[in-house]
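The same subunit A turns up in both complexes below, where it pairs with subunit B and then with subunit C.
Right, the complex of A and B next:
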């Protein structure tokens, strides 16, 4: 334990002298600024609704719900003019009556079907409400999803937690190993009782601590105390740990940063791809979900925005646990058999 | 005791031996000097002894236990000073020692005291990347002592140091010996070996050519040597003859008869000269 603490302190000092803590701090401040100052929503509403029904029941209902005049129309001409100017919006024309509601969708630009369906679902709900029918038959979670898309300023937090700090960790852990190779301090380490185990865990813990130090302020500012911190930090820590282990494993096979560069960056880029799916949910090809950061980022999202519980994200936790196990094994074998045996 | 038997090492596995059939043993509390020109295989042997290179052929035992059977605890008794000073450039001298102290399971020495012993007190809190080569070398030497090792391996600990600093290091090495430490010392410097070693071994092109105490070597090879200055086509040449060697004896008498001799001194041969006689080459 004394040995481990000594190594950890040393790695901490080295990380600091290499500018890692400074860079992380700057990144954190930038992200905090985004969380604080980014508007909650870029567009308040993506749809415009024209109510052509008898007595404009839907328009009245929506207005009562607090939906603004720029969304709900009863004049067809005004509706058409406004819609023409804003081709990104979805036009909805309601006709018929409560018993026989008819919705027509006017779509100018590429809008994901998912969004249309969500819109349709929320309109259906409005009709049910108007009829005075129970809404209990509709799954609550689904409605939450429809009604509350996460505010934009908070929506970036899962990206920061799953991708950014991990990127730093991945990069820096390799940099630190290359310095040790170059300075040949690894040779000195090899003639101590240090061993592979301590070497790995010390660096791993460093980046776990870093990911918490980075994630916690973001979460506190963004969500206050209203979220399940144990669960979210567990996900963050496991993601950071997994990538550190992979980074250690890969770096063993290269002599310096320039030899490592293309492979290292390729791994980083692949790992970052799921952030696209996160931003644009309709872009989720099947292979994407095989990248470990994919389930990680969506689990983080569900915990933050959809009140997901331990049980809900258990598959992801198990997956990350298994990946950490594999990552440790790979890193251990590579370091024990190669890094601490050569030259 | 450290015992080495029939040690050979082939880096590339192509029958190109860097070290061939080397055997020696080092009794506890003595200093063993390993001498030889550059490329002779000195560092190769040291690296095998400390487990940095795998043991390919032969046997290395520490008090009877093979190096193959040693575990991590073995390193608690080992101190190693490397040929190329390898320290964390981004850590200070003090931090370098403190970190390594933390790696051992045995009681360690005070880093500041060690730094003081090698004259690095003033530089203790400067980053090692700002050290001169000699300073880094002293830092590595100090680091090798941090765990109070029973076995000390020193690869060129005084090369490139000024005579004063080298003297300080030598003093520490002798002190360690007094404390019962067993020391394996690699060097080019015959003078250093002469000052410090109980036994010296000459290594040339991977093979041992002689091994004995400096005194015995000198008795064997140096007792009856003469240094002769003689004229040769207007130039003055100098040569040492070991009169017990038939070949030298013949050459010397030839020279006497030629009447070209200008001066003759009887002398005790230096280790350097003995090495030259044995291998036909210098140590540089």
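Right, the complex of A and C next:
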């Protein structure tokens, strides 16, 4: 235990001396600024609508629905100018009247036909609403009850936790190892009774502590005391530990930062892909869910916004536990058999 | 002067070959670009998925199939289980011989829209007349184009990191101290290390663009855009290599730098044009804007040439401001 504490203190001092704690503090301030100053709502529409009908009934209807400026137009010139500058949007031109509505779509980028049909159904519905003919005939059931949509500034917190906070260990632990190789401190460590256990656990604890120091203020500022901190911190700790262990394992096989960096970036990019599914939940190909950060980010989301309990996130916790076990075993074998045996 | 520059470049080349940097640097970004080439089209084809109980009338299933992807389940409980998974998938089951829409409850405002759209699609009623016109660039996938721009920024950064890591290695091995008493000047070091970084970046930029968008892009403009951006990788290399005494500090600085370098320009894709003014002070914003015009077209603001010139002079200005400070840091003439 004494050896472990001494090793941990050394790592902590090294991290502080190299500005790691300072940079974590600066990153925390940047993230806090995002949480505090990001708008609570940002409506992004994929279409722009021009109403050329007499009386501009559709434009009035959509404006009353709160669709907002830069989406609904009654001036053709302004509409064309704006559409030209936003080629990713579908231009919709409404003409005719309520009895004979005519819509023309202008498309400047690849859009699946299903999404066009979805837009058609939505416009049909708007016309029926205007005619006073729309009726809700199919009942809807909400399996978890109706929950409020989280504001945008809080919605980024799971992303910040899983793709930023817990990655501290992934980024820095390898570099610490390379520095120890270069400064020959590892050679000195080999002749001490410290061993692979202390080496791995000390580094892992350092980055768990840093991740909590980075993540906890974010959670406190965003949610106050209204969330299940035990559960959320457990998820943060387990994900941070998993990423640190993976990084330790990979780093053993590289001589220096320059060699490791490009492979590290590749792993990092792959690990960050589930952030796309988080932003666009309807996009989740099966292979995406195999990336460990995928269940982690959704479990964090469910705890923060959907009042998920231990039972709800148990499968993710079990998965992270298994991945931590595998990560530890791989890191231990690599460090014991290669790193601490090299000449 | 030229001999000293060539010697330093030769030295960097030897280091890069010895440390397998060239190998990794070429392979990793190209593999990522290949991955993106296969991945981005699927993102572009993103559409709603509906979990549907298979006993639903086949005509209704067909109508729903027109507005999204269908996943069929034999049992209503299986549909509910699918709806409860992490992604946003609404369901349709049969209860008391009537269809019922199932949602998770966290859909927010979208729930009402989804309900009315599903109902409308299932009704099969034709309310309006529709026509569709594809623009000249209608077959374009903007995601691929934006992906290519992101790769250009990343690859330029990677090239400059080789420069930064070489400077740090020289500091750590005390070679920088030896260079300080040699006739090598800061300008010569900048040219040698900068050229090396730029050549590496250029190779990766061209090859990743070829992988992602093929020959659909104007490579003449691409090269011009790269030429406008050359001071930015030099600035990056100096900021990281000059400020960090060791690798750990370099990564710490990089972590923060990356946030400003790549994240901020990407954000401009989704925020309104009038808010772009907050990013005008960033050379990387102008670099992004320059390449946006190469790949997508002018979406507002200055044209290609003007934004290229702003990129060049704004990053050069920052290099000039940092130059004396970094010369002191590196202890060179």
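Following the convention adopted for this analysis, the second predicted complex is superposed on the first by the 239 of 343 C-alpha atoms of A that agree within 3 Å, B and C clash if a C-alpha of one lies under 4 Å from a C-alpha of the other, contacts with A are read in each partner's own complex, and residues count from 1 in each chain.
To be clear about the criterion, a residue touches a chain if its C-beta (ideal position, glycine included) is under 8 Å from a C-beta of that chain, and two chains touch if they have at least 3 such contacts.
Predicted model, so just to flag it, every value in this text is computed and none were measured.
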When both partners are placed on the shared chain, which of subunit B and subunit C touches more of subunit A: C
Touching partner for A:258 - first (subunit B), second (subunit C), both, neither: second
Touched partner set for A:319, first subunit B, second subunit C, both or neither: neither
Subunit B versus subunit C as contact partner of A:205, first or second or both or neither: neither
Touched partner set for A:103, first subunit B, second subunit C, both or neither: second
Touching partner for A:191 - first (subunit B), second (subunit C), both, neither: first
First, second, both or neither for A:117, with subunit B first and subunit C second: second
Partner chain(s) touched by A:7 [first = subunit B, second = subunit C, both, neither]: first
Partner chain in contact with A:18 - subunit B first, subunit C second, else both or neither: both
Subunit B/subunit C common contact set on subunit A: 14, 18, 179
Of subunit B, residues touching subunit A in the complex: 50-54, 72-76, 78, 80, 82, 84, 86-91, 95, 98-105, 140, 143, 147
In the complex with subunit A, residue positions of subunit C that touch it: 16, 19-21, 24-25, 27-29, 31-32, 35, 39, 42-49, 66-69, 80, 83-84, 86-89, 98-109, 111, 113, 115-122, 125-135, 137-142, 154, 158, 161-162, 165, 169, 172, 246-253, 255-256, 259, 270-273, 296-300
Sites on subunit A touched by subunit B in the complex: 2-3, 5-7, 9-10, 13-14, 17-18, 179, 183-185, 187-195, 341, 343
Subunit C contact footprint on subunit A (complex, rising order): 14, 18-20, 22-23, 26-27, 30, 42, 44, 70, 85-88, 96, 100-110, 112, 114-118, 120-125, 127-128, 134, 136-149, 171-172, 175-176, 178-179, 182, 255-259, 261-263, 265-266, 269-270, 273, 276-277, 280-285, 289, 294-295, 298, 301-302, 305-306
